[in-house]
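Below, chain A partners chain B and then partners chain C, in two separate complexes.
Then we have the complex of A and B:
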């Protein structure tokens, strides 16, 4: 854990930058597809309604311009997909790694404001998963920093990493902050959702995307006080 | 007989335009902008033949409604609609079909007709 006011070099800086761009671009593509869908539906409706009218027959440009809308939306959609296909250039190749080591590294480079008195208590059991070490470390750090923000000025964040079953590795991050009601969970997972204006509101999204990239998931677990967010991953399959 | 559609989407433009298209084709449409509204619609009048469910909503995932629809309305067909990167029209979440926003509207109607005829 480092004092963020003294941080001069962030070992996860480049990974976080790529993940942030990836997440922001994905949210933008989603929003644009919503808009394109509405425009395409509206054009379809107007065209169908006008095709049987005299105005449509009398003014050839109506059909021509209607076609322009359709074609431009189709091309715009294709452009979105082309950009998405470049993603593989930024995604690291997964390999067999010890998830516990990622947890320890994440704790070591978690950033805490100098005026906060926050401790991180960690217990990490060894477990091999198939992922990119830097990305998994970043995912855990995002969750830790989220938990620290929930605490406010002081408190303890617990990170427990363990073999939950013979095939499942779980990294739990628990804080004693205000908690997240089940009805709010979808909202806090929306891209750019934040209660802190100076933050991007992408930490949970980045963690979720990384988890899903390696066939895992991000889940909230019920707890009396505060929040538990769990990053679940498949353990590397071993030969019997 | 009129085909009744439950349309769940938190995007105002999507709801407005899809409702206009569906109604022009003779469907009867009940709109819901969030999961909670959709649950209310299902509880109040469980009479839908088709459900169009957006995947990502402000209060959850449209897929959360699939087991509810399946339990209450075994005959009801379900199409997931989405603008997400990972959805390419393949069947997900135990839906009957999927439609990607921004794609050709004729494709959506083809899927609807095929499902309702089956």
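Then we have the complex of A and C:
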């Protein structure tokens, strides 16, 4: 089977590449911090136990090497934190945009495998938010592609974008797939989680990261059949 | 994965009890060993396992990782916050994008990798806070009972 989407120009390709690298790097930083934490705690325990022994007094290199472990962990962690210096390469400058336009663009460039009969029904109400248009479009597309995968070979994905309250804009993506149990929701949001071996398992993470970057959130909403994933954003504040 | 280890050392005074929750086995081991000289440590490899343990007994402090498969640390600590007996909660995370979400219970947050001595100090302080709050509640309940009887 050939995925036709890979043969055509993808207007979000570069944005998706940057978002994927950013997400994968974030997961790596998280895992490394865990490892640093384990080593640091282990070093502390060993040092504390040895400090009261004759061996510690007789062998000054034990203290010296213990210090090397602490220093190297500290430096390695500082190197990880230095990625903030590169943040401007990954984060676009937000501006006032119409979220509905992002929804329409996302629907237009969502990739559907050629042997699938999947339709996307959209209703997008205008609403101004402060975000980067390409990133928000990518976030919606990630959710759409996730929903399409949940459907299998055929079905309909619904996109509803509307002003939920006077200050809140919500983009809901609903599929009629197998659904996600509340207890599984945290698991599917773990980086690299996927039921499809050919996928990276970062789509929901990318959407969540983009939502949170613009003070929004990604939430699951209860539904009888399938899944509703909602991207909630603050509407741009207007002067009274 | 789901080992559970308890380290207890007899001391003259009652030791603080701490439950550590993390899906990373090596991290769980190292932090449990780190704390075990000063407090009684029980470990759990998941939030679900932690809730099972909490059905059978209480802890002064629960320390939980944030990102875990299944229920995450924030949800776990929010549930613990609703238990009848006060339990101090501490969340650990190595995520650079962690942000407390609206509606979450209040708890202390430590970013990994943290200074082990700082963790020890914090755990002891949180343990004492739990003991104090529990004592105050017992006294309050006793006063209420006395009033009802005398009224």
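Brief remarks on what is shown
Here is the rule we go by: the second predicted complex is superposed on the first by the 231 of 240 C-alpha atoms of A that agree within 3 Å, B and C clash if a C-alpha of one lies under 4 Å from a C-alpha of the other, contacts with A are read in each partner's own complex, and residues count from 1 in each chain.
As a working rule, a residue touches a chain if its C-beta (ideal position, glycine included) is under 8 Å from a C-beta of that chain, and two chains touch if they have at least 3 such contacts.
Keep in mind that what you see is a predicted model, and the values were worked out from it rather than measured.
When both complexes are superposed on chain A, chain B and chain C end up clashing with one another. Once chain A of one complex is fitted onto chain A of the other, the partner contacts of A:30 extend to both chain B and chain C. Of the two partner chains placed by the overlay, only chain C lies in contact with A:209; chain B stays clear of it. Of the two partner chains placed by superposition, chain B and chain C are both touched by A:77. Touch criterion not met for A:221: it reaches neither chain B nor chain C. In the superposition on chain A, A:41 makes contact with both chain B and chain C.
Of the residues of chain A, those at positions 26, 29-38, 40-42, 44-45, 48, 73, 77, 183, 186-187, 190 touch chain B in one of the two structures and chain C in the other. Chain contact summary for the complex, chain B toward chain A: residues 11, 13-14, 16-18, 20-21, 24, 56-61, 83-85, 100-105. Interface of chain A with chain C (complex): residues 26, 29-42, 44-45, 48, 73, 77, 81, 183-184, 186-187, 190, 209, 212, 217. Touching chain B in their complex are the following residues of chain A: 26, 29-38, 40-42, 44-45, 48-49, 73-74, 76-77, 84, 183, 185-187, 190. The touching residues of chain C, when paired with chain A in their complex, are 24, 26-27, 29-31, 33-34, 37, 67-72, 75, 92, 94-97, 99, 101, 111-117, 119.
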